[in-house]
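Same chain, two partners: chain A is paired with chain B first, then with chain C.
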Partner chain A sequence: MAAASPSRPEIISLFRSLLRTSRQFSDYNIREYSKRRTIDGFRLNKQLTDPSAVAAAFADGKSQLELAKRQVLVYSLYAPKVKSIMELNH
Partner chain B sequence: MASSLRAAIISHFRVPASQTLALNGSKLWTVRSMSSHGDDHLDKNQVIDRVLEVVKCHPKIDPSKVTPEVHFQKDLGLDSLDTVEIVMALEEEFKLEIPDKEADKIDSCGLAIEYIYNHPMSS
Partner chain C sequence: MAAKLITTALRRTALRRTASLKPINLRPFSTAAATIPDPYDDPSSLTVKGVKISGRPLYLDMQATSPVDPRVLDAMLPFYLSRYGNPHSRTHLYGWESDEAVEIARGQVAQLINASPKEIVFTSGATESNNISVKGTLHFYKEKKKHVITTQTEHKCVLDSCRHLQQEGFDVTYLPVKSDGLVDVGKLRDAIRPDTGLVSVMAVNNEIGVIQPMEEIGAVCKEFKIPFHTDAAQALGKIDVDVDKWNVSLMSLSGHKIYGPKGIGALYMRRRPRIRVEPQMNGGGQERGIRSGTVPTPLVVGMGAACELARKEMEYDEKRISMLQERMLNGIRAKLDGVVVNGSEERRYVGNLNLSFAYVEGESLLMGLKEVAVSSGSACTSASLEPSYVLRALGVDEDMAHTSIRFGIGRFTTEEEIDRAVELTVKQVEKLREMSPLYEMVKEGIDIKSIQWAQH
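Right after this comes the complex of A and B.
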């Protein structure tokens, strides 16, 4: 099931989907963490050139995206009623 | 009479559960409907100022280099991941949803300002 090495637009699209999904979290902490983690994760792997490593990282990213989508639903079921202090007073 | 009283009490207890769900749904909608579509559009200078603010606040950027015409990758030395981050930040600032195809084309402040100014849903 080894997919061919992902193209640049596909990687950018995955990055964008992960950020969009992260935005949907209702809880401040997990929202900020997922944004930070996707940015850091993609930056760390930016230099990869070996096609199999790139494909592996891409597949990992896709599974993380599926996970994040499920977690958005789960978190919304148990959303806290009080906003985090970090979200008040800009 | 007791059974009707019981039914009334039961239905009273039942309402809050669905009410909160409806509230959550309607909260989203009321937030959207309160965003002013009535007054015609944002002022262009406002758009420019807000876009530049968003770009300047990005950690990787030197604020002194930011002008309304600056190109993200050529002038500011960013890469494609940073460009996506900036477009996301602009989406949040102006409460827009920019489709991927359009977002890929935005690679300078000028284009961002143009797109946001021409978008009917910017607020």
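Right after this comes the complex of A and C.
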């Protein structure tokens, strides 16, 4: 199902799904990185105008979403019992 | 469509259920009765080596190793689960797909350093690559070439290989470094002899993070037609590494410093002009005879994925890590005086910050920083209490060398972690200085170096 050019609601939906998935990571550092990289990634690509570049970035984003969903599962299976110091209050 | 809904629902319940499952026993195969309480059993705190901490420390030791990026892990897992073939098996699908993956990874590594895939040999790590480069080259050319030039701040494996060569009868020149950690290219030029077989200078130092003048050294080596080897384990994926611009003949690369798996590295060997080495691992002739042994497909795929990620993320990471380093340095300097940055401040990799705190004892500083995972300048290479040889080569005083701390900032470090580390370090240093009689004397204006200590 090749997307000719993703529409704005599709892009926003992808962004929201990526953020939602990122929030589920059990590891503090990976979780923060995922959220930050998603926001920065979409912000950097906002200026893209060439439709093939936009479609390529969208496809890349979709594959990253699939990857993130798999890795959230894997990380949760092996999450250490003791959390990172940063997640406990001072 | 219905199938998709069902699988999503199943996966969600699996996630919920596994989150509430009893924690997996991490040692299911131990047959001995557990008489020592497992330090990981108690979920509220962690007691290891007699120290109790409430959570896993924040990790600021990126030069020792780096966490595996989830995108790298995702690339590696299929090769542990279903695609487990030996890449050298020529007769079935398992071998063919494994070989294809290895060749793709080879291309990914080569692209990061602007080399051809045919010039990359996979090894077990940068240490092995360094051994092959130093000992292998000299052994191959031992009829005509008897001399090696290296620096005093090299990694232990290079220095040890050189010492081994010395015992075999070769000559080695250990070039001194300036007080900022950089090599004097003039001194290098003077040290070159007609029978010099190799010049080995590491690109980015693992302890102090200084970036050596690679292009100038490469130009000198090209002029005298001497093979140039560099240990780029810390430089790969962090600064712009180009084998043509640097004119290197041999380059050691490491997987686990660039968010890849441990146990894998690579060696770049130039084809034009061809550099030849004597292999250190003999066997079935894999990796063009340079390094025999089955190529570990999952690790190689991981290293390739890590290199490709590094190529895409280098600019973003560098900007961010540079911002974090400034934040840390300014945060510490704002609250403390007597803080010295070891190594050149201009020519350094931004993710490595090696600081010495005056009038503070090193071991007690580290003991107080139990919630931050950092390394001291000395512990990296030896188990003895001697201060690091790298800091000694820089001419740092013994007492300052003992109090050095190396902060390693990486892709996954957050601003909150930096702020927390600054807060903890400042608190600990202030506490120690308050107890220190030497600091009291300094505050009164007495020059410590002029004191004649009386003997009882």
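Here is the rule we use: the second predicted complex is superposed on the first by the 87 of 90 C-alpha atoms of A that agree within 3 Å, B and C clash if a C-alpha of one lies under 4 Å from a C-alpha of the other, contacts with A are read in each partner's own complex, and residues count from 1 in each chain.
Everything below uses one rule, namely that a residue touches a chain if its C-beta (ideal position, glycine included) is under 8 Å from a C-beta of that chain, and two chains touch if they have at least 3 such contacts.
The structure presented is a predicted model; accordingly, all values stated were derived computationally and were not measured.
Chemist: Who does A:23 touch here: chain B (first), chain C (second), both, or neither?
Modeler: Only chain B is touched by A:23; chain C is not.
Chemist: Identify the partner contact of A:84: answer first if only chain B is touched, second if only chain C is, both if each is, neither if none is.
Modeler: Touch partner of A:84: chain C, not chain B.
Chemist: By the touch definition at the top of the document, which applies to A:73: first (chain B), second (chain C), both, or neither?
Modeler: In the superposed model, A:73 contacts chain C only, not chain B.
Chemist: Looking only at chain A, is it chain B or chain C that touches more of its residues?
Modeler: C
Chemist: Between chain B (first) and chain C (second), which does A:8 come into contact with in this model arrangement: first, second, both, or neither?
Modeler: Only chain B; A:8 stays clear of chain C.
Chemist: Just chain B (first), just chain C (second), both, or neither: which does A:53 touch?
Modeler: neither
Chemist: Going by the contact rule set out at the top, does A:33 touch chain B (first), chain C (second), both, or neither?
Modeler: Once the two structures are laid over each other on A, A:33 reaches chain C alone.
Chemist: Looking at A:43 after the superposition, I want to know if it touches chain B, chain C, both of them or none. Which is it: first, second, both, neither?
Modeler: first
Chemist: What does chain A use to touch chain C in their complex?
Modeler: These residues of chain A touch chain C: 24, 29-30, 32-33, 37, 40, 64, 67-78, 80-88.
Chemist: Residue numbers of chain A touching chain B in their complex, please.
Modeler: Touching chain B from chain A are residues 8-9, 12-13, 15-16, 19-20, 23, 39, 42-43, 46.
Chemist: Which stretch or stretches of chain B touch chain A in the complex?
Modeler: 79-81, 84-85, 88, 92, 100, 103-104
Chemist: Quick check: in the complex, which residue numbers of chain C touch chain A?
Modeler: The touching residues are 11, 14-15, 18-19, 23-24, 40-41, 43-46, 53-59, 67, 70-71, 73-74, 77, 316, 371, 411-414, 416-417, 420.
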